[in-house]
Amino acid sequence: MLKVGIMGASGFAGEELIKILLGHPEVKITALAAKIEKMHVSKMYPWAKAMLDLDCFDMSAEDVAKISDAVFLALPHKISMDFAPALLKKGKKVIDLSADFRIKDKSVYEKWYEIKHECPEYLKKAVYGLPELYRKDIKAADLIANPGCYPTSIILGCAPLLKKKIVDTDCIICDSKSGVSGAGRTPTQALMFTEVVTNSFRPYKVNFHRHMPEIDQELSSLAGAKIEVNFIPHLVPMERGILSTIYLKLNKKINTKEALSMYKDFYKGEYFVRVLDEGILPDTKNVVRSNFCDIGIKAFPGKSLVVVMTAIDNLVKGASGQAVQNMNIMYGFNEKLGL
Amino acid sequence: MLKVGIMGASGFAGEELIKILLGHPEVKITALAAKIEKMHVSKMYPWAKAMLDLDCFDMSAEDVAKISDAVFLALPHKISMDFAPALLKKGKKVIDLSADFRIKDKSVYEKWYEIKHECPEYLKKAVYGLPELYRKDIKAADLIANPGCYPTSIILGCAPLLKKKIVDTDCIICDSKSGVSGAGRTPTQALMFTEVVTNSFRPYKVNFHRHMPEIDQELSSLAGAKIEVNFIPHLVPMERGILSTIYLKLNKKINTKEALSMYKDFYKGEYFVRVLDEGILPDTKNVVRSNFCDIGIKAFPGKSLVVVMTAIDNLVKGASGQAVQNMNIMYGFNEKLGL
Amino acid sequence: MLKVGIMGASGFAGEELIKILLGHPEVKITALAAKIEKMHVSKMYPWAKAMLDLDCFDMSAEDVAKISDAVFLALPHKISMDFAPALLKKGKKVIDLSADFRIKDKSVYEKWYEIKHECPEYLKKAVYGLPELYRKDIKAADLIANPGCYPTSIILGCAPLLKKKIVDTDCIICDSKSGVSGAGRTPTQALMFTEVVTNSFRPYKVNFHRHMPEIDQELSSLAGAKIEVNFIPHLVPMERGILSTIYLKLNKKINTKEALSMYKDFYKGEYFVRVLDEGILPDTKNVVRSNFCDIGIKAFPGKSLVVVMTAIDNLVKGASGQAVQNMNIMYGFNEKLGL
Amino acid sequence: MLKVGIMGASGFAGEELIKILLGHPEVKITALAAKIEKMHVSKMYPWAKAMLDLDCFDMSAEDVAKISDAVFLALPHKISMDFAPALLKKGKKVIDLSADFRIKDKSVYEKWYEIKHECPEYLKKAVYGLPELYRKDIKAADLIANPGCYPTSIILGCAPLLKKKIVDTDCIICDSKSGVSGAGRTPTQALMFTEVVTNSFRPYKVNFHRHMPEIDQELSSLAGAKIEVNFIPHLVPMERGILSTIYLKLNKKINTKEALSMYKDFYKGEYFVRVLDEGILPDTKNVVRSNFCDIGIKAFPGKSLVVVMTAIDNLVKGASGQAVQNMNIMYGFNEKLGL
């Protein structure tokens, strides 16, 4: 049994990791760390009563390292880079769900996150944990930069066409919609039940969301050209799920059938990416609480426009599920195990 | 036009007062006070843009008194009793939505609210603002103690049978269910969207909710006997609405038809209390955003048991709507005006 | 008092008309027609008990005409054109909420709605009831074609820039999101509570929604050029509200401030269109149950791209509220009356 | 691998069975039957794409029997009794989720369900599938009458005190609240998203719900005395979950600590029943999508009253999860397998 520690167990991604890993047959959760008063996990998460007998408290990276083989960092950015080096030095494998190791260019990171990067020497070693693109590197990695939720939904949606070099890279529009858990667990008035449930659908951070440099980096790498997306996120009054509607201008006329065939080819053998048949559109509810990414496509050849619609669960394929998928790859488990 | 001030404009009851009073043809809102940085009402409530041009800021009772004829106190308990005397001394009429003047017995108040009452001399002058029971006193009052939301739903549900003295007063069970706005606007983790929307229905404060002394006081007064209810409140994952299911053991066998006829008699001429026909049950959605209280009844004569089900909007008949109804009575307006 | 009949009282738009008109001081509802068994309005809508004393039943246009001055047709397309002529011949003013008189070109209507138009002679007489664009014609009209919900949100969002002729008319993308009431009241499995509430956000009818010819017609007229929009509607798991995120490529570089100033100019004096200040974005919850259309704008001059975000209540400004606004204009009432 | 067939795969309980059984390591789903046009399971349930490759169609009991060892009947009452005998005659084990074999007294069944029982000879053989009470019988059974959702929540809540014979059996009040999936999947207007999401909390079928004879039968058996409960169900605007608030008058004064200790004793060793510590109350969200039943207790010794609050997921412990728990017991699997 692989001994696994979770640092940041009190956030949504941490909670989701506990849920997933409790059902993983090759894993035993051995450490739960969070910046809270020591409490039993069943007090923090009453649903876990009788399922897990462990205290959660403010542990150092060293203490977690002592009792774990692999460590998930479900921490806010900036905190992750404080913990990761110590864990790596102890020979532990680290899967970091924050943004700290996702951006290869230190200066881009520092500009968008408005802090100094404490350990830029790890940026090169870190592997961007999107298995469908980087499986081979993940297998060999010690440090995984687990992708952001929006980036996962957008990169998987764009990859096949970008790789074909038939996209007008000047004009990519990503109109994304996320459930409220994407905003995290810190209580604010805007995220209270009574504020959201009252028919509140709204855009936010139009073209200045911190997931943008990550999206740009990966799309540029796929296209072999510098891309700056237009990214317009919205909040949906539901718990979880992301649907991204992506508008791609092509430099070539293709119809829906042709586009779908490119996607089916590209994702052949990928269990967790489901390219939907013509006429079928994704719905976040079909992927919620699963690690799937559903992709639907509609092309307007007359306008050289393709609309790609992708759906994921922001907390699963967009965070903790993908992290476990990465762990499975790193340790040679069946990639679907526990998912 | 009656000049009206609202102290506590940043809470749910304050916001609801603004909404209602903006549609009241005889009223002009002249003051909005709250313990916040000065800001335009349209910043605090974007829905109000173009509808009301007023700043909201931290005003003293004296400042509010200068520009208002009547003042609503939509404040937490304890704060209200700091403000009310100053307003009354300036000759203003005060409608207090807190609990500070509802409990006639100072020691009961002090026990349940765990603070000293600062101005007990007003307890006698204050009129309990339930128009269906105290309309005549309200008309003459300067200080209204506007009822709590749960008490409104329970007192209106029990009054006709208690008045008839046919209830076993030892064994009244009030199983009440409230929308989340009843818990107020202060952000806490338990009230976040993501915590509530995930199928969260739960009891809380079983038999120690602060609305209990108020319910006991009014039911005892109706029955002419000391009553201690069993009060079990629950939170429903919806914005607003209270449904109380009240179980009354009778010392007499009556059927549903007889019970309904007592209720229809008792509430004859009361526009805001709707006694539903046999076989029709209340639904919170039918009273939401209205000042109605819907009452449905089912009797089990074989068991001498009557189930009374009442539905109100906790923010309207349970708070701000009833406050405006009281204002209408105090100023001789049509009681339905603006409601 | 204007005597008003509502045909199609059992649908969402009909119900919303009743709610709005009950609060209108110059109007008396005199007829409620629907293809149902005769029943009292309080049986159909329990919220209306004590508020309106009228039966609803299957009435002919002639019967409605006898007791009404103005008639709202809140009917499905095809049915409206069966009723409107009879009402107009009796000298009644008709406000039609269906699509039957919105499309000026009979053949376009017949293609999209897949039926023969029964009375094309009225297409020219009908005035498209968007007051912010056609107020003068509305004042003189007998037959109003009340705009669709999506079209209202998109046309108001595009009008100022299209009028300036600075939009690349080849590439307008409208990514719209609607609450579920937009799908109507007929029970289907896809619209059940349990299907929608489970985190269901989804696109539908990508580029073949029936509101498209209406949008194209009005945008083309504004631009003075043939426009075919790309229209991608989505369903949001909430009751009501539409947010349209509109992407406009410009043939000129303008910044957010300049764009906002064009919009504020264009909508100067329009009470129901609120152009939000820089940095403020619309939220459907701020317009729900009101007749406002909120517009937020963000420009990316480097890319000649402008993102316009508009929010309305699909049942109010997108249907019944706008219908009442039209009625107010037709009868010379204050345009805001009852709204 | 146990080959398992599901008849009634298109309802909520059938869908939940598929979800659970897909994660069960000892089971293979071999048949999906429903009264629908033949379609692939991924068309009926898009979430199942890539997870299960099976068609669902209108199969006879015989056809299902040919390819299955055990059969779940997730059918409406009346239909189940048409299928069960044929399956049993073929030597299959049957777990029936309908009410057809729950009521031991044929005449009581026929009165409440208003039909003739077609195979009363099986009523005696059928075992009421509540493992915490009847585990030994379940182990040996061929036909399980899987309990109803409300009965599960109420019987588990009452059993310990009833067994102790300290309850006044004349006056048991069960105030239950259920998520909307409890009402089934047939589309009706009352169950549409737009009807429910608008703050709709309501009682229904007050004291004439069909789960009553089942509750009475089991409570009477526990108490050794004829019990007729007062059962007042309510609909909560959420997908799933039942919370029952049960009021028990005792003939003995006990405090909360004593009551809790009785419950902890009674349920010792039962993994799926979690008796909560003093001061902790159940919340449906803690049991949703799990097979747990959480029980919280508060006693008022001064009034000889105990309030028992139980929470389950109506589709899991209240239906499909309990059915799988029964299957695990019948086949000697670990009782928690797949749950």
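Order of writing sets the chain letters: A, B, C and D. Residues in each chain are counted from 1.
Simple rule for what comes next: contacts are C-beta pairs under 8 Å (C-beta built on N, C-alpha and C of every residue); 3 or more make two chains touch, one makes a residue touch a chain.
None of the values given here were measured: they were computed from a predicted structure.
Counting only chains that touch, the fewest steps needed to get from chain A to chain D is 1.
The two sequence copies chain A and chain B touch through a face in which the numbers common to both exceed half of the numbers used overall. Of all chains, the one whose Cα centroid sits at the greatest distance from that of chain C is D.
When the interfaces B-D and B-C are ranked by how many C-beta pairs touch across them, B-D comes first. Averaged Cα coordinates give chain B a centre that lies 39 Å from the centre of chain D. In this assembly, the C-alpha centroid of chain A lies 46 Å from the C-alpha centroid of chain B. Here the spacing of chain B and chain C, counted between their Cα centres, is 37 Å. Shared interface positions of chain B, i.e. residues touching 2 or more other chains, are given as 195, 198, 237-239, 283, 285. Against chain B, the residues of chain A that register as touching in their complex are 12, 180-181, 185, 187-189, 191-198, 237-239.
Those residues of chain C that touch chain B in the shared complex are 23, 46-47, 49-50, 271, 274, 276, 280, 283, 285-287, 289-290, 292, 294.
Within the complex formed with chain D, the chain B residues making contact are 170-171, 173, 175, 177, 179, 195, 198-204, 206-207, 230, 232, 234, 236-241, 243, 245, 247, 249, 281-285, 288, 296, 298, 300, 303, 305, 307, 309, 311.
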